[in-house]
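Two complexes come next, and they have one chain in common, chain A, joined by chain B in the first and chain C in the second.
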Partner chain A sequence: MRVLESRRLLTLILFAAFAWSLSGVDWLGPMVHTGGPQSLLRFIQALFPPELSPAFLKLTLAASFQTLAYSVAAITVAVLVAVPMGLLASGVAARSARTGLPAAVAARFLLGAIRSVHELVWAVLFVYALGLSSATAILALALPYAGILGRIYADLLNDVPEEPLRALRASGASPFQVFLFGRLPMAFPDMLSYSFYRFECAIRSAAILGFVGIPGLGYQIQLSLHDILFDQVWTLLVALVFLVVAVDLWSTRVRRDLVS
Partner chain B sequence: MIGRNGKNPQAEGRIPLPQASREDGLGPDPAIVVAEGICKSYPSIRALSPLSFNILPGEKVALVGPSGSGKTTLLYLLAGILQPDEGVLSIDGRPMTSVRPGRELSQLVGLVHQQYDLVPHLSVLHNVLAGRLGQWGLLRSVISLVWPRDRQMAEEALAQMGIGDKVNERTSHLSGGELQRVAIARLMMQSSRIILADEPVSSLDPARAEGLLGLLTDLVRGSDGNDGKTLIASMHSPYLIRKYFSRVIGLREGVLQFDMPSSEMTDEVSDRLYDLEQPEPALWGVGN
Partner chain C sequence: MTGVPGITRSGQAARRPVGFARWSMYGFLALVVLSWGYIFGWTDSGVGDLLSADSWSDSGRFLRQLAGQESDAVPAFARADRWLETAKLAYDTLVMSVLAIGLTGLAAFPTFVFGARNVSSGELGGAPSKSGVALFYAVRLTFAVTRAVPELVWAMIIVFFLSPGVVPGAVALALHNYGVIGKLSSEVVENLDPGPARALRASGAGNLQMLLYGVLPQALPSFLTYLLYRWEVIIRTTVVVGFVAAGGLGREFRLSISLFHYTDVALIIAWYLILVVAVDLASAGLRRLVSGD
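For the complex of A and B:
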């Protein structure tokens, strides 16, 4: 009962905070600058047609590949880090609560810390430390993504139905065996589809890293924007959409194969 | 103490039960389950009032009682999933509290749960093999996820349940009756001495219900090499209880109502036990 009441109170406080935050927006001031409409029109006109010269298409292809490579590498590293960290954070495979709980708290804290810093901020930090290298791009993406994935993995592993697990325990399974034959198979489809979703996000994020000078689609977009070459921007944007949609199609297929 | 500490006149006449051979001057047969004043409360309700009974090896005990009468709670206590608030529960001469969970417990008691509790995402084979986890080490379990060990044993168990063709099926694709069979096959792999089943026939049509009870009681009787097991199942149908069980324990609101040979489980007794109008739990004469 008391838990329920305090939960309601918390909901109320959060709503109040949200309402208050709305008052921080300047609703009456101009939300679009004066030259806005014309610029927007020019930008849209540039789509017909976008820049399609072979040289620029080649450049777009190379940039797309660059972005894709960074995001693949980053999501791979992120998953490799997130699986053991998520497992620790969920506390489900621990032999006893006494050892499991401190490890879970520590893992959750670490995951929270690395995901609370945005990939762009990580990128700036790594540019200072490592220069504009591939390692910078990959680490800057992999760290916050590991934080997010690890947290989600932990939650998914925790939230599987309890009854089948109880049945496994009753047939003599140890905590790790319960994890192996119960939690993991039940959580796996969701873990996989969330990882795919994060892969899509990683592509967008990899592109964004162009704004701190990391090569790829985002960097090219920035260069073209700088020269107000909107037709080139369109070509690059279409390539980005293409990448994301391709990943989406792939993940749909994998998931479908998984359930049947 | 309420309960039976001697023989089972009804069963003796029909099926030779394992304990029948012990009537030879070696003293009374040691009970496999001894409950002494066990009770269990949940925060809002007293699910079981102090309850005492003995169960002998080879007995087939039906638990009856209306919804919420504490059948599942009692089975969970027997399975070691819950611990009694008070009283002592002993299995095979040992207090339940001294039986280590895991391998040791799993060889004593196995439970088929009301909702079967299989892992829907795994294959039927893996769900059946999960019954072996108590016997397996860590490495073997990991390897078995990919290259299943004891595969033949699992296939035999499934074949015996009449669903040998479903070995590689995804468990979520099975029907309710098939799931129940898989759960029993898993229990066969566990080969515990006591088999607990929570409403094993609740979702089956009458013919299948009899088929399943036939399989369960075969399992309990044991084949040539194996000695018999003990069955405790929650049931509702008086007809099935008379046909497949040797003894019946009636519960209502956590209070023991009767404990008697299953032959005395008439429809009238059942109607009185389940009667909604009944103002307060009535006490039947205790069996024997």
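For the complex of A and C:
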């Protein structure tokens, strides 16, 4: 009964919050552009058909590859940062609780700080601090992803069942051996599968780096929107959907095989 | 489920998936080599610059500018009037995030059940029908398209139709998150225990009754939990969407940094972190209500 009551309370809170957000909107100002409906109609008409000239398809293919390349590069950096940070944050690598706990708290705080800032905010800050280059863009993507991956790695390493570890300890394994032959093999499939899921998210994030001038699908979409060429926008959107869905299907398949 | 465990040659079945995961690893490593090859070979990689002493002093100067140490003016984050002025923007940003998650919930709630394979196949409700299967593919395609396009790109498109402000930002956020929540919730329905729905059907319940009493009570807690989780993601993204939709803190962030008002940038980042932490805490508290303790 208490569950039902608290869920009713939650429903009430959610509806009240939504009503509050509606009241926070300035409804008196113009909501739709003059000519907004016509633009919407033109945008939908541009899908039939989208831009399909060979030259533009070639450009779309190149942009898709660029977006893919930036996401892969960012994910590799993120994993390389997240593994040691995750180990520290889980506290399992420490020799004793006295040294491990402060290190774990500090690592978790650092991971939380870098993932609370959105990758595009990182990118804008990096562009102003260091200038625009592939390295700064990849770093901007990799930081929040390292924050998320490191935290998940730490949780997964902490959450493995205790019994096999106890059995290893009882048979005389050192803490390092317990980690290498007990904890790591048990957590590894989940760690790998979550990393693959994040790879899919990284493609979307790499696309929006076009906003700071990094080449790829997002950059081309911005250029086409700027010239109000909606048929080109559709071609690029379809390419982005294909890329994300392909990686989604791939990562779903890998996850199903690893975690079962 | 075919065959009886112990009689089938389980070794064969176990080897194939491991093979796929392993080949995926090799495939991914090839992608890594190709990607880094492209970045070093064909772009201005800037890795050398990143390690040079100049960049370190540049970023040091940038940090000092953010902290207000490079100018004699009182930094924006040390002035109460600037905090009050930007409080209105932080309020708008919070409104945008709640509006976005509300629109997401309203749009996803009536549709996610039809994106579940076991509903369209008739396993959880009614007889299988061609229209049910067509609906399943239409709903799943909508989820895939809305999800694949990032919030920022939705916002860039939407500002062609809607006037800048909180609403286009919220709509852009809601479109992307509709696909995310829809897909996740449909998968929850696909993994449901079919027992209650079957028992209802056996006792003569209609399709709507099976949906209301056999499916939704099991799926709704996860639906709400996902919504609250996504709220945490949305509050981080409102700033980014505000860059183009011109609502809340995002617009001010973009303006301040283009005008080199660095201490204002620091003030906005401070507000942003306050919002992120506050929403994380609120979401965690509300999620506790879902489980009832």
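What we mean here is this: the second predicted complex is superposed on the first by the 209 of 260 C-alpha atoms of A that agree within 3 Å, B and C clash if a C-alpha of one lies under 4 Å from a C-alpha of the other, contacts with A are read in each partner's own complex, and residues count from 1 in each chain.
FYI, contacts are C-beta pairs under 8 Å (C-beta built on N, C-alpha and C of every residue); 3 or more make two chains touch, one makes a residue touch a chain.
Please read these numbers as outputs of a predicted model, since none were measured by experiment.
J.: With the two complexes superposed on chain A, say which partner A:L59 touches: chain B (first), chain C (second), both, or neither.
T.: In the superposition, A:L59 contacts neither chain B nor chain C.
J.: Regarding the shared-chain residue A:T76, is it in contact with chain B (first), chain C (second), both, or neither?
T.: Touch status of A:T76: second partner only.
J.: Comparing chain B against chain C, which has contacts with more of the residues in chain A?
T.: Counting residues of chain A touched by each partner, the higher count goes to C.
J.: Applying the document's definition of touch, where does A:A103 land relative to chain B and chain C: first, second, both, or neither?
T.: In the superposition, A:A103 touches no partner, neither chain B nor chain C.
J.: Counting only touches as set out at the top, which of chain B and chain C does A:L180 meet: first, second, both, neither?
T.: So A:L180 only meets chain B here.
J.: Touching A:W250 in the superposition: chain B (first), chain C (second), both, neither?
T.: second
J.: Check whether A:L47 is in contact with chain B, with chain C, with both or with neither, and answer first, second, both or neither.
T.: Neither chain B nor chain C is touched by A:L47.
J.: Mind sorting out which residues of chain A both chain B and chain C touch, each in its own complex?
T.: Touching chain B in the first complex and chain C in the second, no residue of chain A appears in both lists.
J.: For chain A, which residues are in contact with chain C within the complex?
T.: The touching residues are 2-7, 9-10, 13-14, 17-18, 20-22, 24-26, 29-33, 36-37, 39-40, 43, 65-66, 68-70, 72-73, 76, 116-118, 120-121, 124-125, 128-131, 133-136, 138-139, 192, 196, 199, 204-205, 207-208, 211, 215, 218, 221-222, 225, 233, 237, 240-241, 243-245, 248, 250, 253-254, 256-258, 260.
J.: Quick one: which bits of chain C touch chain A in the complex? Just the residue numbers, please.
T.: 17-18, 20-21, 24, 28, 31-32, 34-36, 38-39, 43-47, 49-50, 55, 58-59, 62-63, 91-92, 95-96, 98-99, 102, 105, 144-145, 147-150, 152-153, 156-157, 160-163, 165-167, 170, 221, 224, 227, 236-237, 239-240, 243, 253-254, 257, 269, 272-273, 276-277, 286, 289-293
J.: Within the complex, which stretch of chain B touches chain A?
T.: 79-81, 101-107, 109-111, 113, 115, 117-122, 126, 130-136, 138, 141-142, 145, 183, 186-187, 189-190
J.: Which of the residues in chain A end up touching chain B in this complex?
T.: Residue list for chain A touching chain B: 163-164, 166-174, 176-177, 180-182, 185-186, 188-189.
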